[in-house]
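In structure tokens below, several structures.
The same chain A turns up in both complexes below, where it pairs with chain B and then with chain C.
This part shows the complex of A and B:
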């Protein structure tokens, strides 16, 4: 049987970048997995935006632990992109699963785990209130930029 | 299978094609009409080649609330043979709970039929050493609902106190039906 997780694109930054974009994503797969590993110039939120949609169409809920406390937050109808992870200047990694990304009969659900050494660990669920298939993903940062050497790997999951 | 060209900015990178398949699709079910449950059966045959299993799903149920629930059971066992823990973020606080001698591997969160049209809940269930005949079965469940109200993210552990090789996995609404469009995909990981 064929491998069910297919590498679609792998980006390793050769210099600092404020955003990374995956475009022309085919509708061939069932789910997408995005893996980010690296650092940023200033601590803050990772933002994920689909298909260039900057409208109030994103909702997320997250729970996180800092080592001294645990907390949860949610954002509904935000006018910004989905804030679903936090990176700091310490090394961090984030894994996003975008489920049924190519379906045109449902909103897009995602699950995320993010951890940053010495800072925190997060789990997150999000929804993009659109029945459009995801054709592009823009990863940006709320406060700074992703540093050279940071990797962004996109996989398609067959179903 | 190698890299598939996509348009991207920022920098070039390199990726390699896998030389052998370790993560494979076993079966997918997409509901074309409402159903009380979805069951992956015959795993003794279809999953015999794998060491671990992963279930990926999106679900919506017929319940009258924004929230929904999905009951997960193994080998059709509805007896008090399970245990588990839950870490929950509800948007304003983090809570934890535990149960022993429970009747399901997990009660995962879902989306009920009062949620916005089109909203589903996603979940990923990992069952380690699923085909072992000498170990109790352990699972990790990550699931969450973001519906503009009654949102939650759950990380759950599940234990089935039975060393039998898995033959089936069932997911059912908790007194509700699973609705059209709900999708359940089972994958095997070789080890």
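This part shows the complex of A and C:
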């Protein structure tokens, strides 16, 4: 039976970390899935940077619910303006689907879900304005650091 | 293999009050449930709740929904997991959705996320996303999708997958 989904790399933080980096990602698969589960020291935005690109090449649109209200927003700019999700001190999880990540004829789209039951539920559609294949992913945080025990798992999806 | 099918349940002619997965082994990293469900409740849109074994309480949730004409956010029922179609929805249509549990066998509280839609050609078709938390350090050994009114009709189904983390392909992480 062929594998439809292949585990590529994972890490469980043994101590607080500001960033997690996946590198040397091969162009073997069709899509990538990233799953994050844990908490941060101070609530705020998750940032995703591809291939070390710190330029104003990121855009997103999002919708979220706080439990009492729903809203939507959009933004563009560098990764620091691209709130690719949010994490808090309450337990939460996030999934990212990077579609056609290895294609060199299109910008890179991603779909993201962040679920923090104590705070909010959020969905994002984002675009990295580059035709380069994604070879590295840096996950950082705008306000704090990822706490010990937080897990990051990367999978390749075969077409 | 990173994605392994563990179990599949299809409701028979008699209907069912719930769809249950039991004796879930703790050998995977994450769990994924994919469901396709219709209820016999006399409504266009229905919904289901979640029961986790071994402790059937300590849930919390925040949700986001759309109806086709409005949006909103909600926090109850605390173990809500998704939209279904009811008996008054377009014939032969079933709601569908998925539930994702990362680190389900770990020793911390269990976050989960749900996506669902109750498909219908009518105006009451709903879509929802939720952030859930089972505030228990026990491993998840059973999952039940439970009807809140009426029963699930024949051909409703749910499939449970185990997802295993690992490393391959030379990808490094630090």
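One rule holds for everything that comes next: the second predicted complex is superposed on the first by the 153 of 159 C-alpha atoms of A that agree within 3 Å, B and C clash if a C-alpha of one lies under 4 Å from a C-alpha of the other, contacts with A are read in each partner's own complex, and residues count from 1 in each chain.
One rule holds for everything that comes next: a contact is a pair of C-beta atoms (placed from the backbone, for glycine too) under 8 Å apart; a residue touches a chain by one contact, two chains touch by 3 or more.
Quick caveat: nothing in here was measured; it's all calculated off a predicted structure.
Model built by superposing both complexes on chain A: chain B and chain C clash. By the touch criterion defined above, A:59 reaches chain B but does not reach chain C.
When the two complexes are overlaid on their common chain A, residue A:8 makes contact with chain B and with chain C alike. When the shared chain is aligned, no partner comes close enough to touch A:145: not chain B, not chain C. In the superposition on chain A, A:35 contacts chain C only, with no contact to chain B. Of the two partner chains, chain B and chain C are each touched by A:22.
Contact with neither chain B nor chain C is seen for A:51 once the two complexes are overlaid on the shared chain. Applying the stated contact rule after C-alpha superposition, one finds that A:68 touches chain C and leaves chain B untouched. Using the contact criterion defined above for the overlaid structures, shared-chain residue A:123 touches chain B and also reaches chain C.
When the two complexes are overlaid on their common chain A, residue A:100 makes contact with chain B while staying clear of chain C. Of the two partners chain B and chain C, more residues of chain A are touched by B.
Stretch 113-121 of chain C is the one among 41-49, 77-85, 113-121 or 131-139 that clashes with chain B after the shared chain A is superposed.
Of the residues of chain A, those at positions 1, 3-11, 20-26, 63-65, 70, 113, 123, 151, 153-154, 156 touch chain B in one of the two structures and chain C in the other. The residues of chain B lying in touch with chain A in their complex are 1-4, 6-18, 20-25, 28, 56-58, 60, 87-94, 116, 118-124, 142-149, 151-153, 155, 181, 183, 185, 187. Within the complex, the chain A residues that touch chain C are 1, 3-11, 20-26, 28, 35, 37, 63-70, 90-93, 95, 113-123, 149, 151-156.
For chain C in complex with chain A, the touching residues are 1-3, 29-30, 60-65, 71-75, 100, 102-103, 108-113, 115, 129-133, 163-174. Across the complex, chain B is touched by residues 1-15, 17, 19-26, 30-31, 59-65, 70-74, 76-77, 97, 99-100, 103, 105-107, 109-111, 113, 123-127, 129, 131, 151, 153-154, 156-159 of chain A.
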